[in-house]
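In what follows, structures are represented as structure tokens.
Look at the two complexes coming up: chain A is in both, with chain B in one and chain C in the other.
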Partner chain A sequence: MRTALVLVFVAACLGCGGGATRWIGDAGRAHAEADALERSGNLERAGDLLQDLVSRPVPAGVAPQDARAVLQDTYARLANLALKRGKPADALHFADEGLRLGEAQDVFASSLRAFRGRALEALGRDAEAAREYEAAQAIAEALLSEALVDGGVR
Partner chain B sequence: MTEEERPATPAELREAELLARALEEPSQPGRELTPVDDALGTAYLLRASKQGDLGELRARAVRQRIWRKGTWPLWARAAAAALAGIGAAAVILALQPRGPTRLPPPGVRLLQAQLAAARPGSSAEIARLEVETAAYREQFYGALGRAYGRRP
Partner chain C sequence: MKPALTALLLLTACAGAGPRPAAEESSSDRAIARAEEQRAEELERTLSALSAGEVPPDCPRVCGLVEQICELSQRICAISGRHRDDPDLAARCAAGEQRCRRSRERVPPACSCQAR
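Up next, the complex of A and B:
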């Protein structure tokens, strides 16, 4: 009885860590599949695949910052796919969803701001679009300064 | 004449004799249960219940029922202990809040592409951003894979 309880406990704990590993692996594979689908022109299927990824619950074992990075990168890509399909309202929605997860001075926030600006521009909301572009540029410029100080072209 | 000096009554003598016999021959089989045995047993039970004790034999039986001693071979007990240790370690690791993964810093080309895409323009800037983002994504998922372990 005691052994069974210990085994169940161990399995549950390993399951926690396995969930995080699986989620990260699934996210990487979803992007790789979306790459192939985009190349073949199947933008809708690529979008569905990525939407499935962001709709899944994030396992508890994933660090919040890592989860945010994965999801914001995916939302930015979804926004771009929606723009390519001529759906700026969807693109705006995806960019907003991504930014709702939090904002840091990183490439993910910069991309989301840039795609939000593109969506707003496509919707004729130019003033708002300009503000989004400015925000995206401010982040990218700060990161670029850091990158140039740290070591040149990569 | 005090109470102690008073000669015993025939009933008291008989009771004393029965008590002596009961103490001398406690386990004689087939012996008739006497009022003295009965009284001794009752007194023992009362004392035990008052103290909330279990008899030594009964306590051992209860312990053996709960914790079957010696039913597992040594290797099984060692394996159980090892599993418990692994379980404890897994619990500690699982409950420990994980720190963020050290992600690769974005390259200059990606940041330049982001700057170019963050302004009104043609889709050429977006196409360049896509290429640079895809390259960064590969590094980014590589770092996450190393941090979280890979699974086929």
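Up next, the complex of A and C:
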């Protein structure tokens, strides 16, 4: 649901730019297909589809913050899929890749931090996991403040 | 359009046409000033409502964030529970629980978030 909203928002911002709009369209289709595959229990194929999406070059017309939102959302989903498949090392890798794209006080960074924490916890690195959870919590608290101040307009 | 409304519009339009005597002009100016004043008061009331946080909150978003904050605090405390001899983790657990409590207290009365 959140992914769909991100993609619709980014597509609206892009207007009718050819390559950029096509990239957003492809991302939307990949996520929709991954949804269906996940529902049918085919987590591996869902992961492959999303990995293919993040490995493609981002067209020049996409604004950096929009590209970051789409890619970080996809990396968070890849991390979650890896955790579901019992592959915490892969989950950690995907969370790191997502965070490497930059960090803002937003839902994407918070989500990636939380998945990083879960991966670390599954790998037995408890102290590091706690720090990641705390970082995710701090971002979520800042987002809550924003939501309460502006009525959730942002 | 209703006939009475049409007549009223015509009368208003006709009243505005042509030069007006000084006394009438000043009375009209006073009316305009009164209307402007009323509008300013209305805007001020709206602004006060906005700054007082009377903008309807996005409850699903608020509740989702509170739930996330509290779930993360549970995870931190579960880790701390496995390492009872670690004061740093205990402190993080306490701070996390405080964040969860503080977030729940900040939920506006208009939102009824269900604690899990």
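Definition applied: the second predicted complex is superposed on the first by the 135 of 154 C-alpha atoms of A that agree within 3 Å, B and C clash if a C-alpha of one lies under 4 Å from a C-alpha of the other, contacts with A are read in each partner's own complex, and residues count from 1 in each chain.
Quick note on the criterion: a contact is a pair of C-beta atoms (placed from the backbone, for glycine too) under 8 Å apart; a residue touches a chain by one contact, two chains touch by 3 or more.
Just so it is clear, the structure is predicted and the values come from calculations on it, not from any experiment.
Contact with chain B, but none with chain C, is seen for A:28 once the two complexes are overlaid on the shared chain. More residues of chain A lie in touch with B than with the remaining chain of the pair chain B and chain C. Of the two partner chains, chain B is the only one touched by A:61; chain C is not. By the document's definition of touching, neither partner reaches A:41: not chain B, not chain C.
Looking at the shared chain after the overlay, A:149 reaches chain C, while chain B stays out of its contact range. In the superposed model, A:114 lies in contact with both chain B and chain C.
When the shared chain is aligned, chain B comes close enough to touch A:20, but chain C does not.
By the document's definition of touching, of the two partners only chain C reaches A:127; chain B does not. Where the contact sets of chain A with chain B and with chain C meet, they give residues 110, 114, 117-118, 121, 129, 133, 136-137, 140-141, 143-144, 147-148, 150, 152-153. Chain A meets chain B in the complex at residues 2-3, 6-7, 9-10, 13-14, 16-18, 20-22, 24-25, 27-28, 31, 35, 61-66, 69-70, 73, 76-77, 80, 83, 106-107, 110-111, 113-114, 117-118, 121, 129, 132-133, 136-137, 139-141, 143-144, 146-148, 150, 152-154.
Here chain A touches chain C in the complex through residues 110, 114, 117-118, 121, 126-127, 129-131, 133-134, 136-138, 140-141, 143-144, 147-153, going by the rule given at the top.
Chain C meets chain A in the complex at residues 53, 55-58, 61-62, 65-66, 68-69, 72-73, 75-76, 79-80, 82-83, 86, 88-89, 92, 95-96, 99, 102-103, 106, 108. Contact residues on chain B toward chain A in their complex (touch as defined above): 80, 83-84, 86-87, 90-91, 93-94, 97-101, 103, 105-112, 114-115, 117-120, 126, 129-130, 133-134, 136-137, 140-141, 144-145, 147-151.
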